[in-house]
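Here's the structure, in structure tokens; my notes come after.
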Amino acid sequence: MTKVCTLTEAVHTLVRDGDTVVLGTGLEHAIPFAAGHEIIRQRKRNLTLVGPISDILFDQLIGGGCVKKVEAAWIGNVAGGSAYNFRRAVESGAIEMVDHSNLTVALRLQAAAWGVPFLPTRTALGSDLMDNPSLKSMRCPFTNELLVAVAALSPDVAIIHAQRADANGNAYCLGNLGITTQAVGASRRVLLTVEEIVEPEIICERPELVAFSGTCVTAVVKVPFGAHPSPLVGYYHRDDAYFLDYHARSKTPQEFEKWLAEWVSHLPDRAQYLSKIKIEKLRL
Amino acid sequence: MNYTPQELMVAAAARQIQDRELVFVGMRLPMLAFQLAKVTHAPRAVSLFENGLLREASAQAMIYTMGDLPNQIGATWATGLIDVMALLQRGAVEVGFLGGAQIDRFGNLNTTWSNAGERKLRLPGSGGACDIACLAKRVVILMNHEPRRFVERVDYITSPGYGSGGAWRREQGLTGGGPSVLITSKAIFTIDSASKEWVLHSVHPRVSLDEIKQSVGWRLQIAPELRETVPPTSEELSRIRAFDPQGFWTRRAV
Amino acid sequence: MTKVCTLTEAVHTLVRDGDTVVLGTGLEHAIPFAAGHEIIRQRKRNLTLVGPISDILFDQLIGGGCVKKVEAAWIGNVAGGSAYNFRRAVESGAIEMVDHSNLTVALRLQAAAWGVPFLPTRTALGSDLMDNPSLKSMRCPFTNELLVAVAALSPDVAIIHAQRADANGNAYCLGNLGITTQAVGASRRVLLTVEEIVEPEIICERPELVAFSGTCVTAVVKVPFGAHPSPLVGYYHRDDAYFLDYHARSKTPQEFEKWLAEWVSHLPDRAQYLSKIKIEKLRL
Amino acid sequence: MNYTPQELMVAAAARQIQDRELVFVGMRLPMLAFQLAKVTHAPRAVSLFENGLLREASAQAMIYTMGDLPNQIGATWATGLIDVMALLQRGAVEVGFLGGAQIDRFGNLNTTWSNAGERKLRLPGSGGACDIACLAKRVVILMNHEPRRFVERVDYITSPGYGSGGAWRREQGLTGGGPSVLITSKAIFTIDSASKEWVLHSVHPRVSLDEIKQSVGWRLQIAPELRETVPPTSEELSRIRAFDPQGFWTRRAV
């Protein structure tokens, strides 16, 4: 009984309509675009997306009709500016938005990962982010200082992309981690995509590089370049031109539909996607 | 010597960084400012990125995002967001840089919602900006100087400045120092120590005082000895252009 | 201006009479025995020791007359049983003891490292450990569940032993970490002893192995075998016989005084100490 | 076949571990029990150590402490104490092992202070025991069977069992399941589901029921069909002796 399966199977089994899904946990690094595109292809609906900064993947999922709610700190295109599907959907009321700072969304997941119902912080005090049911003013039981209590959140699924893992899901996560460990610890199911699946003995050579226990992981899928167009430490650079092209081609719903057909809906799988890209230019 | 307003902003921002300081950098112009400070007066300044990176050495290539490989390679510490935010929350970060779509008299920033006549425009949101605004010892703000951005009161406080002024931050329980300097494409502002509103500190070369006064949505305090902003030196300009050869962030026609 | 100095200088400058000192953060691994012995030699007084499980180092510092208070989860000799100096001192009232569980002492430091005045937990509920001024019952502001609030603690000094660091104190900590990162983040000063000091470029090759930022470190001291008799991943095994010998030779104050003279007080430095041990047998 | 009481305890403890379970192990006899379970019926059980180690493979040599290199080498995850405690606190750990100096009718353990006549004896303290007692789904307790250790009410609750019985744990807010089995050098006890006090489940070979009754400081409940404890098999014994060749933990005269 192994956790290793195909991306199609993993998304089919782990991501269900109406789920709360945390993804893009590395901020602009190691974003699980391959898994995100598979969610769009499988026409998942009414998802709640949770994340800190998610470059353009949230925008694509919103444009793909998968999303009813977003709970995040920042949604845009870091190099380009606005995320147009997101703007349109929030301004029209088509999706619900719950605003966070990076730290408050991280603490929602950290609380759940630690098994406590809340964690205190000094951020967000005095800001309008406090208009959020998961943030409450409180006083320290020892010092009486004003603090913000952040309620725990346990997503249904976390989707993570990493460099390598064994078949049990023990993964090396190289480079910055963002809120990856918190997301894995908080979620009921974890879908892990990796560049390479290796033997457990390889992982045990440097157990300090393992970011979370494989006991938390539900499915492990080998997806080379699974984070493209975002960068991945040790494997490939960011595809800057792709982000700028997406920015130009998502300004109207009509343009976005064409982009989506070309890059997601009409492609059967990731292999076809990669054949459209000069991937060797990005490889380290 | 010719320079763009963005190049002047980068040079002015770099001067806000002192040697050995721990700096929460962010992207775009502050990133260039940090790089400039490192090669001029602050070689041992340390940069911190909310994605979970700390660098003692500068990045060796232009980057679009803090996750880009030139920012990862040569990092001193690769960790998670909360570890970096912990340095901020426990008061170890001397200065953080912020931008914003809208700013008000008391330094509050809005990057969430703005009102354009009837329409509400959705902006990207806080990211780590609220955290930096709440928790850094000093905050330096960089903004393009457009009148619609400078209002009496922001529509939404994404990143708290001094709220309604005076002792507001202390009353809210905020532990960070709040905004210290605002660098725009036309002028530099500092904070009045009592009222906590902006004071016009210097005007950039070729900008008139009247233009500044008319561009802000409140009655602007002006420093008794108003100066002209020191323009970037030729060394600063050549450094900035080496970091951003295409002028991607500094909008320089090449 | 470098942080690199001798152990004598570092202990002289960083550890002051009356200080609160956290050490033994790796539990039974990487215990900073060399620095602890230097504290005894320099006759530091009225220290408060903080730690989770500290094998025999706390016992030696107590026997050396350096300690007025201990705030910890477990004090003993893991292989042998009792820590006799500790027992004598607590039973006679010579030192004050504040009892913790491993998690509550970890959370005291984690709270300070995070810059919050407390953190909540579900441990210790219903136990007599609650008779501790840094633990208080509270209710979750969201769920109303019973929780324990753990007050932040900022020690004056943390003493850490690691494998290697650069001159700024950016350290690779290999093997289990215990509460090392929490202790470093919580403390006003950090004394780091290491097996090797290396160039920053070496550290930057694998920044994921850096356990804390060198910006938190006050002094860096090269002390080979600085954790002996405890083990250190990548460098040396635990000296089991030494622990058992200490156990046998600390049963009475008189025997302990002889042990202390032989192994600490009458030795000028760590080099002399190491010359008394068949260290090559332990080296990896 | 000859075996020591400790060897029987190890074999009985191993049977409490099911395959694929995440187990908070601890040192001494539980460590041997875990190793035994791995090579017999629970090859995919995973061990967790509070110093910050998780192992899928067994240690390859005898260890005195969880920090010893044979426990570090081949570990699957090397991290900090809080990460491991987080698994426990969020309910992911199926079973934890504990010992104690003193235990009472409701499974409360004392490893902090004990009264010896006039004198108060200081014991080492909780370590992670309180955390395991509060938070693991099940707790298995191993103790040497000496009458002075089995009391009506412990002098100090280091590690909560069922407090004063009944719904006490729920009233305290405890989320873990509490003690499920007590394995001593003379007998095995389980918990009465209503009163939450110990029930004598089986008596080890060559131990009399009276001896057990007289050795506990309260009126002991006895299971309707009291059994004799299943002794270790020869395979189990040879495995245990391979792990502890000197009998350091199992006190076997070699």
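Every chain is named by a letter (A, B, C and D) in the order it is written, and numbering of its residues begins at 1.
One rule holds for everything that comes next: a residue touches a chain if its C-beta (ideal position, glycine included) is under 8 Å from a C-beta of that chain, and two chains touch if they have at least 3 such contacts.
Keep in mind that what you see is a predicted model, and the values were worked out from it rather than measured.
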item	value
Graph separation of subunit B and subunit D (steps between touching chains)	2
CA centroid of subunit A to CA centroid of subunit B, Å	28
Distance between chain centroids, defined by C-alpha means - subunit A, subunit D (Å)	41
Shared-contact residues (touching 2 or more other chains) in subunit C	115-116, 121-122, 145, 147, 174-175, 181, 208
Multi-partner residues of subunit B (each touching 2 or more other chains)	53, 75, 78-79, 82, 89, 135, 175
All touching chain pairs, where touch follows the definition stated at the start	A-B, A-C, A-D, B-C, C-D
Parts of subunit C lying in touch with subunit D, wherever the complex brings them together	26-30, 52-53, 55, 72-76, 78-79, 81-83, 86-87, 90-91, 97, 99-103, 106-107, 110, 121-129, 145-147, 174-182, 230-231, 233, 237-238, 240, 243, 284
In the complex, subunit B residues that touch subunit A	27, 49-53, 64-69, 72-73, 75, 78-82, 85, 89, 112, 119-122, 124-131, 133-135, 156-160, 163, 168-169, 172-175
Subunit A partner contacts - residues on subunit D that touch it in the complex	22, 46, 53-54, 56-57, 74-79, 82-83, 86-92, 135, 175
Of subunit A, residues touching subunit D in the complex	112-116, 168, 170, 181, 185, 200, 203-204, 207-208, 210, 212-216
Subunit A-facing residues of subunit C, complex	115-122, 134, 136, 138, 140-143, 145, 147, 149, 151, 173-175, 206, 208-209
